[in-house]
Amino acid sequence: MDCALYSAGRRRHRIDDLRTALREAEKEDGFVWIGLVEPTADEFDLLAEGFDLPELAIEDAIRAHQRPKLERYGGVTFAVVKPVHYVDHVEVVEVSELAIFLGDRFVIVVRHGDTTIPALVRTALEADPEMLLHGPPAVLHGILDKAVDQYLDVTAAIDEDLDEIEDQVFGDDPGSDHAERIYKLKREVQQFRRAVVPLVQPLTRLAEDEVPCIPAYARPYFRDVQDHALRAAELIEAADALLTGVMQADLAQVTVEQNRVTVQQNSDMRKISAWAAIAIVPTAIAGIYGMNFDRIPFQHAPHGFSVVVTVIGVVCVGLYVAFRRNRWL
Amino acid sequence: MDCALYSAGRRRHRIDDLRTALREAEKEDGFVWIGLVEPTADEFDLLAEGFDLPELAIEDAIRAHQRPKLERYGGVTFAVVKPVHYVDHVEVVEVSELAIFLGDRFVIVVRHGDTTIPALVRTALEADPEMLLHGPPAVLHGILDKAVDQYLDVTAAIDEDLDEIEDQVFGDDPGSDHAERIYKLKREVQQFRRAVVPLVQPLTRLAEDEVPCIPAYARPYFRDVQDHALRAAELIEAADALLTGVMQADLAQVTVEQNRVTVQQNSDMRKISAWAAIAIVPTAIAGIYGMNFDRIPFQHAPHGFSVVVTVIGVVCVGLYVAFRRNRWL
Amino acid sequence: MDCALYSAGRRRHRIDDLRTALREAEKEDGFVWIGLVEPTADEFDLLAEGFDLPELAIEDAIRAHQRPKLERYGGVTFAVVKPVHYVDHVEVVEVSELAIFLGDRFVIVVRHGDTTIPALVRTALEADPEMLLHGPPAVLHGILDKAVDQYLDVTAAIDEDLDEIEDQVFGDDPGSDHAERIYKLKREVQQFRRAVVPLVQPLTRLAEDEVPCIPAYARPYFRDVQDHALRAAELIEAADALLTGVMQADLAQVTVEQNRVTVQQNSDMRKISAWAAIAIVPTAIAGIYGMNFDRIPFQHAPHGFSVVVTVIGVVCVGLYVAFRRNRWL
Amino acid sequence: MDCALYSAGRRRHRIDDLRTALREAEKEDGFVWIGLVEPTADEFDLLAEGFDLPELAIEDAIRAHQRPKLERYGGVTFAVVKPVHYVDHVEVVEVSELAIFLGDRFVIVVRHGDTTIPALVRTALEADPEMLLHGPPAVLHGILDKAVDQYLDVTAAIDEDLDEIEDQVFGDDPGSDHAERIYKLKREVQQFRRAVVPLVQPLTRLAEDEVPCIPAYARPYFRDVQDHALRAAELIEAADALLTGVMQADLAQVTVEQNRVTVQQNSDMRKISAWAAIAIVPTAIAGIYGMNFDRIPFQHAPHGFSVVVTVIGVVCVGLYVAFRRNRWL
Amino acid sequence: MDCALYSAGRRRHRIDDLRTALREAEKEDGFVWIGLVEPTADEFDLLAEGFDLPELAIEDAIRAHQRPKLERYGGVTFAVVKPVHYVDHVEVVEVSELAIFLGDRFVIVVRHGDTTIPALVRTALEADPEMLLHGPPAVLHGILDKAVDQYLDVTAAIDEDLDEIEDQVFGDDPGSDHAERIYKLKREVQQFRRAVVPLVQPLTRLAEDEVPCIPAYARPYFRDVQDHALRAAELIEAADALLTGVMQADLAQVTVEQNRVTVQQNSDMRKISAWAAIAIVPTAIAGIYGMNFDRIPFQHAPHGFSVVVTVIGVVCVGLYVAFRRNRWL
């Protein structure tokens, strides 16, 4: 649990107990910022009591596996954001989850899974006193902004992998594992979409509607984030559509390649068989003249052998010509 | 028929007749909770009369096979929910149906098919007097909450089966029954979707609109259920899309595998045929020298045999080299 | 033309002329119910004049081939409904058409094609005086209710045929006519959808909006019909999606089956060819020793024959072993 | 340029100059109706000035290639309609374009491409004085009505071609050009859709909203047209979906047919090879006994020949039986 | 940086510093028009200060890679447009980006990538003083108009390539690289769509809503642009759908072609094998009579040879007839 009191744009390190901190926050026009990692219900109890957090939101924050959303419970705004992280060498989109409670004088960020966003935002804001003066909304904006930037990074990484896949599919070596790679990337894109698309609607509300905890002058900043989220969503849809297309193209390529190989092999077989068929003729004719009868026509003729060999030669050449004409050779 | 009077958060066992029960419920600020299993119209008559239930809703409750819905008839709210149950070893989604009549002082739950939800909710509420104090809306919430939790369980089970299918499709053993398994799971997902997706709209109304029988303070609880239903719906859509994708990938895999096997077999055939073609040559040449003519060239030459055998050997080696060059061997 | 005056829940047989009938209907608080089958414009003229029917609606009612719809022309409501009928042995959805004019004191039902709905509704209402008292709206409801019930029947029949198709596609006998059957059923489903889906919107208006000719107390009944129509529409979409899926699965099955058969056949061929290749060796070696030269090595050796035969045997066994190692045998 | 003044339901032939004509139209409560074919900007100048036409609409009318639309510029309504024409023997949907300027006292119809609609509407209205009395809106209605009727004609023609394609695909002769025909018809359907679907929204506005130049009593007539346009749009979507389906079915049919032919051919090959393999055995055995050694076992035995021939026969029969058992013969 | 002051429809060349220019623009009822190419944040600083530009918009304008959009920040309207350019010989859609700041007295156009639109619009407007009088909105309109015209040009170019692809796919030479070409064009179409489709909504707002910086009389001009953008969007969707269709058709064509070639080759093989099988028979029979036994039946018969040869002939003819009957020859 990372917990600090901020006021006048600076971090104050004295957090003794929550109630005192809150009181001080109020007195100094500052706010309390608490970070938690996968807390248990027991760990959360103290916070829930101290900040009067809504029961249902607490449950969501502890259990995780929520959809991205923004909800208002009395004076507390509850948001769920799902940062993503692309592990390129295995082409997996790892989704983590942040649950954020936003009050007038406090912000609580609950992290599930592996994401550096809370730390990054805290560092960035502590380095920017002017921004920090805006209080909890600045924290929410920082987190959303970073998360959406990551979405755009991931779409870029996916696009690169898509390029690689295209090179493989249309490249020289029609290997056998494209379908698997395409499908698995598609599955990751599906999961990624579930993190991004439902966030657009909450961002739209932050940008356009009256969300009580967000001052009106901050809306353009959230609109900017929403715009980037929309762009990420569009890029995800495009990647998904392209993956479907490349799967079809892969199937066509494989079929064409199969066609080419089979046609070549069949053609080879035809040639070999045709040569073999030609070779059988001398065997057959010679075999007939090899029979052990007392009387074989022309057996004693002086040029018998030459005549038969010539006949064999003529038949073979004739067959060769005929096979050529049939395009079998 | 499981029927009891609840008041002050406790179960009272005295249900003599419905009218008296209702009167008592009113007097003691409690409610009557009745559970029925696939009732006939006759069995329902008494209830219909006692609680002044709407005729059309009664018909729906008796006939079942309704869409999930929420309707208001005068003072009675009528809801249809379709719990699901995943039978993993046959990969079948079993859909049951609950029809719920909600009045100020009563709740009637009609069950069709096999679901433990009514029993679970009754047990849970009887163990939670505080919750029970909220009356019929608590029962409705309990049922919806449990049903939606089951939806999420089933999506998880389907995801596991999808993982299995992926392992099969992309695994070492390209068997022949993937298409069937994929298709049948897709069919189950379709049926599952029909249970879940139409429920989102009634849940949205419970969470946002003024549904007369639901007190305003209860809306966040229904919003929570709606959120989970939305998540289930998203996961169902994702599973459906992935099943389509895996079907395509399966087709591609099968084609690639077919390609590989056919190419290997054709290549084997080509090799065997090429060897056979080489072997035919000695037969043919030897056959010619085996003909029974009186005069055969070189017949009496001392090295005739060796020369011909050498010629045969040279021809065979020449063919072998030529075939190698053609990549037939 | 089936034409009668109804009042006080009973049928009165005296229809002399339309104006008198209308006047009497008004006097006795009843209504005139006229049924027509594929009328010509001339036949319709009298009605159009007598009841002051809207010209455009008349045209639609005579020409048929309209979309399902609900329109209001002054005091007259005009509805088009498309009942369907499933001819199971040819798997064809037969669509007929009913045009309905609804006034305060009259209802005119124009039938195109083969449907028993008007007759069924008349029989049912004549047997139910209480229902008949509600006048023309009861007739409209009866027709819509019956039509939507038929939709659900047809979806059930289509589901059965889909089950049959699944059994065929995934069954033991991969025949050749699945694609045709699947496609043709898909075509019927398309046609069926065009009868059902456009009806949902008029039903929604009847259930929710102020349609002047429908009393407010009747709306729940139309909502019930709308609900069933929605269910039918969902089932149609599901059947359509499943038909697409089963077509793909069929293609995969056929490909897999083709794969299996081809692999088996190729494997057989390889075996036969390998055996033949082995058999060629003795022929070739023996052929060489069958050449008619004066001097053949070992010709006069006492065990020449046995040695060569042994060599042949050894070569054959060697080939057999080599082929086994290559998995050609 | 076909230009006339109409008043009191009759055509008056005196058009001297546009301003006079307009003045007279106003005086006599009539209107000026001008028809143009692919005018240049210069030809249009006079009209633009005389009738005070909006500059942007003029540009659209001259350049053509617009989407179907309805726009209001001050007192002038500008509509674009795209009539279609189906050239059956080449299965091509030819799309032409009509730009219509509608004022209180004038209507200008600019035609691009080949369509008889303006002429047909003029003829029909000149024969119907009562209709002509309604002025410019009657012209607009006439054109829209005719265009939409043509849409329905074309959908019917496409359906017929689709039936033909189905007969071909599922017929006895699996030829090779189905894919091309299906695809090209799909392309035409796409083009056709772009003419029809965007027209629905303007028609809805004409039927429901307050379009200033259309009197309220005329709306049902436009609603009628809109209804038919919706029907055409639905039929186009259905045809498109069916073309996709028939393409898939074609692929499945081709694959099945390929399967059948290949299996038959492979089976033939297997049979021929098996017979050849059997025939090789006597050759081999006989070859061995044909070797020229001095001492061959049983050479001098009286029944040596018969024994060997019997052995050969037994081996052949044995092979035949074995091959039958393996289902190679 | 191309920077000028315009007033009274003419270009004035004196831009000393921005503040003076702005003051003068106000005094003379003119405006400042600044063009930038891929500026750095530092280069932008001066402008940001001088014109009081919104910080978030500046960031977007510098970083580029934004979606097409239209945003209002206080007195400044910020628009992003993505012009496209089709490089036909590589079939690539090149997308550039323009960020436009629009104030009452200034317009700033930031260009990223390679597009001539800013230059074209400046030239066109400087040649049209009347248009220039409308100030910044005329610049915005000019850019949007040109961009959308380019979209239509690109759709035409894509349609031509699609025609080429169709000719290839259905042409005489079924080559192997259609899938790649189709897929890659599809990818370009996807990218193109992302430039066009999101622009429709801002154009609709310019055409219909109250966008403060656009005078009401200018809306029809933006509606015209919107109309063309809609047409471009429709053509893009159509091209995308056709590319999907042609990919499927290509697969079908390839399969059919493969079928044809394989069937032909198999048929050839069958023929060759059948002839070879016939030729084996004389070899076998003759081989038997070539065995070196002392006593061979009929060896000494005068017509033994002729009889055996005749038998061989009869067997061969018999086989030939049988093979013909089996359609193997």
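All chains are identified by letter, namely A, B, C, D and E, in their written order; residue positions are counted from 1 within each chain.
Definition applied: contacts are C-beta pairs under 8 Å (C-beta built on N, C-alpha and C of every residue); 3 or more make two chains touch, one makes a residue touch a chain.
Please read these numbers as outputs of a predicted model, since none were measured by experiment.
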Problem - Type of chain D:chain E copy interface by residue overlap (half), same or different - result: different
Exercise for the section: Could you say what rotation angle superposes chain B on its sequence twin chain D, using C-alpha positions and rounding to the nearest 5°? Expected result: 145
Problem - Intercentroid distance (Cα basis), chain E paired with chain C, Å - result: 38
Exercise for the section: Round to the nearest whole Å and give the separation of the Cα centres of chain A and chain E. Expected result: 23
Exercise for the section: Spell out, as numbers or ranges, the residues of chain E touching 2 or more other chains. Expected result: 248, 251, 255, 257-258, 262, 266, 269, 273, 276, 280, 283, 287, 290-293, 296
Handout entry: Footprint of chain C on chain B - complex, ascending
Key = 54, 56, 59-60, 65-67, 69, 71, 73, 176-180, 182-184, 186-187, 190-191, 194, 198, 244, 247-248, 250-251, 254-255, 257-258, 261-262, 265-266, 268-269, 272-273, 275-276, 279-280, 282-283, 286-287, 289-293, 296, 298-302, 304-306, 308-309, 312
Handout entry: Residue ranges of chain C in contact with chain B within the complex
Key = 166, 169-170, 220-221, 223-224, 227, 230-231, 234-235, 238, 241-242, 245-246, 248-249, 251-253, 255-260, 262-263, 266-267, 269-270, 273-274, 276-277, 280-281, 283-285, 287-288, 290-297, 326, 328
